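Letters are used for the chains, namely A, B, C and D, taken in the order the chains are written, and counting of residues starts over at 1 for each.
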């Protein structure tokens, strides 16, 4: 809340990701009294959350609606599910994504399945906010990107933003969606800024976003790497290379149509995510592209991702673990080379 | 707590609920044996009275979270027979359109909110239902039932701790039937009485004879009154026995004969029936008439289930996601 | 143990999957005193396990080495991890795969990572046996194939057999492997039979197996669908279609080399698994094939998998959910058609 | 249990272990403040005495499982400074070659088997180490330490139940520093004393003043003796306080000033130092000499860490999988 930049008439207001998350939660609570929150340390008595995203909310909306919980992730997600069955829209915070290993049963066997198993009699409109990302030197148990697990579970929606404005709109999108949503906040970019969203503007889930139009190659991904892709696209313009950037926004269910349309146009694709390469979401994107566009591709669809190892502590190794902007660039160039060789 | 009176009228009411469960269970086992029903089935035989003695205290608006072995709880809560049976029959007219099945019975109109097949998982969810009631001040009580084995899983601990802290209007009813699948209570549970575990959560905990209609009815009355009054949760351990093996088809060979017979002697159904007759509230003829009435309803519901169509194949893609809000 | 067929000199001994699992556990315990077991109901006092796989073991090797546990999956996997750090080779049973959602933290944050995070000072040679599979009418919480989650976790090995002999050899392979292995037993084929393995013959992990040689198209997969693929291959011979069947055996880390070699030869591939299609292991196989063989493929790589929904209870719907042998056949024919059209 | 004597010699031994922890902690905080060390750091300030009073009972062959806030436990267990410091410095000479870091210190030679960053996860693993000892009859004891907050997570419950049933030689040491991150004990934990939770597992449970060297030493002696004798596990709750916020950089603004000051008055370090001097076993000069010795070793180890190379980039692919057996 403190990071809001001062605005003048001319410049658009710039806000951080953290501010965007906070505003979305605040506005959701204001818009709808059924929005409630729970998680470790989230109330103001505890400082408003370890990342301060929920700061001010319990003071404004009351400790009944914004509850600090014990360290009990199963109980947290379970309580969110139960409350949602009784008509609430709970937002549960799982402090870091590695801790989501604890309530997997609640999420996968219950939240994701109750609508189907009840034949539509009940549903679970919960949002699970969590945070993660390597690069902060926190090592093997505090950095994992596990979105591929949830993408593989029917009934779940997986969402992650690449700009503060998207952070705001998509978090609202999750909260007001009628299905269980996993909303992933990136740990590394939390203080980065972008233009502020329009208050109350919800981004509906399920649609990919052409973050930048281009004609030579499509970069497809979500979250932090989209920011690298945008920078790269800008850089390559100078060389006359036109890059299209497709931000999935909703990782799953995936908006295949938008992806395929883009790659059908450019004929080339590079898929990127921070999670380790193997069995990651990138594989699914690749599989769908080649299924739909076999014979029309000018190059193999390349993947850029982090290494298939545990996230190391030492910065030297952590940097080696992580996907890099340079990897995206190399992949894009390789893709373009393949194309011209044909 | 005020001490309500366990009148013969109440005893009869408990008996009737329990007997309905009992007759349906017998019917289902017969159908399964003859192959006319093919479904996973976890008999509640032995646990009818405790479910009924709790059930009579609940309103249709109260919430229930139960397990695969939950048909007695569901019936005690008042679920109608037709959608229940049709769900066992995997039919489109089933409570869940045949998509959930016996392990996932849901019927919100009668407060049957969740039936889970995962041991212990209902408890955290029950807290959430109770939390919603607390926020809305709607006076509802949430009942969650589970087995003795479930008291050893982490979700139990997390849920009771949270409920104790938040003073949620929830009742944790542990149906201690002395076995979890084929494992004996003592081999898996490091406490003499699960009711004692309540002390870890600053929560009242009681251990009652679940085969004793009056004791179970009193413990339930207290817990419901406490929850209803906003005084917080209760852990009830109801001691009972599981007569029919873990699942239908389990011969239960791991239960020593003498043990089994000792429990048979304490079977709550004949005992309670005798108590009803002794109380003078009903005669043999009255009870037989009731049985006949229930049996007629059972036959009617079975016919409905048998006659109903299977779900349309197109149902596969429905209820995976809802429409956006 | 009771299902062993009577053997004559001529015919090879035929055994069921259940018998193969049992024999592997028995022989491992006999071969190595550090092999110990734990899980719900597994000792003979409890009937030797709900699926009878461990029947006889506690009687023969003692209740200390074969322990029935409380219903506490976190404690089960944790105890296996701890014992393995102290030099044992524990085999933990998680009765059904949906219950593996409970000990995810122990598996993912600990078992898979301790070797790396300790810089190789410790390692976790545990085997987690679990069982699953749709088609038995047990509904949404007892049928899931979740192998993709574990394949995505560095440090884990994921193994599943397609014949009783493989079941035996691969289970021994897991037990005597020095890393945490998830061994998946199929619920539906448990009474199916195949030739008995040679006692003590371990199949080392990490190598795919050409289950059948062929020249026109490669079917790549693992587990139960391999049995469908073999039947299909046999059937198509009559039409002069030569199908190669590649059984990964170790799903992860995947033996990419063998897969690529096969598809390089046939030019066509159909990938199959029982798990839901989206974000499943099949996507990774497809991605690797197209990365390696772009321009050499005669058709797009097709995937056959189950539907992206919760496993339904009603048999009508469950059958619709499940991948089918006919789907594999259709995909193979489509692939061949594409090829001939080019 | 026989009651061993808490001699001045023992008191001095406890002091020395605690003081080493204390000096290293102070040094690290200085380095972090000045930016010469950049690492996640969870200060054990306030919890030195309890760790030391337990540590003196343990053999190098005994096992320790601890947490991110575990440097005091590791030092009390006898981990050497060089590989420990080098790991904080993310160097190739670190205990874990720089791959694990502060939250994942491992040093099997001194029995430091697991350091976990996941709340409560150490307890199930500790059971396994203890189970192995029980099977091998090697007489080892496993100590697992965790916070008050951790006592509310499911893994705690599952682990204590299993340990109680199997009579494992394990000690569950809950270091109740009254906060879990920024959350107060009472807000998260529904029992007055975590030691009471042992009753749920037929396990002895004690609550002691962790700031009292003698009380802590006695409770530890009993628990170690019990485990060593094959009599099973113990839950010890050691009441203490966390003076330095949750992580280095946490200003701890959520702790009321009066509360903080009340605890400062009970700071175990000055209190124990005074007790050592009062006992006559050592003089001011002796203690200062010890400090100087420790500080010299600290400097030496820091120099070692600073001079050591970072891991080779090729390490990224090593230790992911081992060679097949």
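Methods note: a contact is a pair of C-beta atoms (placed from the backbone, for glycine too) under 8 Å apart; a residue touches a chain by one contact, two chains touch by 3 or more.
Protein names from UniProt, one per chain: A, C = 2-oxoisovalerate dehydrogenase subunit beta; B, D = Pyruvate dehydrogenase E1 component alpha subunit.
Every value quoted in this text rests on a predicted model; they were computed, and no experiment measured them.
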Pair of chains joined by more contacts [C-beta pairs], A-B or A-D: A-B
Centroid-based (C-alpha) most distant chain relative to chain C: D
Mean-CA-position distance for chain D and chain A (Å): 37
Rounded Å distance, chain C centre to chain D centre (Cα mean): 41
Chain A and chain C, separation of their C-alpha mean positions in angstrom: 32
Sites on chain A at which at least two other chains make contact: 69-70, 72-74, 98-99, 101-102, 105, 109, 116-117, 139-141, 154-155, 253, 307-310, 312-313
Shared interface positions of chain D, touching two or more other chains: 96, 98-101, 104, 116-118, 152-155, 158, 161, 165, 187-189, 320
Chain A-touching residues of chain C, taken from the complex the two chains share: 98-99, 101-102, 104-105, 107-109, 112-113, 116-117, 139-141, 144, 146, 148-149, 151-152, 154-155, 252-254, 275-276, 278-284, 286-287, 290-291, 294-295, 297, 299-303, 307-310, 312-313, 338, 342
Residue ranges of chain D touching chain C (in the complex, touch as defined): 63, 65, 94-101, 104, 106-108, 113-114, 116-118, 121, 123-136, 142, 154-155, 158-159, 161-162, 165-166, 318-325
Residues of chain D touching chain B in the complex: 152-158, 160-161, 164-165, 187-192, 196-197, 199-203
Contacting residues of chain B [partner chain C, same complex]: 38-40, 87, 90-91, 96, 98-104, 116-120, 149-150, 152-154, 180-184, 187-189, 253-254, 310-311, 313, 315-317, 320
Parts of chain A lying in touch with chain D, wherever the complex brings them together: 40-41, 45-47, 50, 68-74, 98-99, 101-102, 137-142, 307-310, 312-317, 320-321
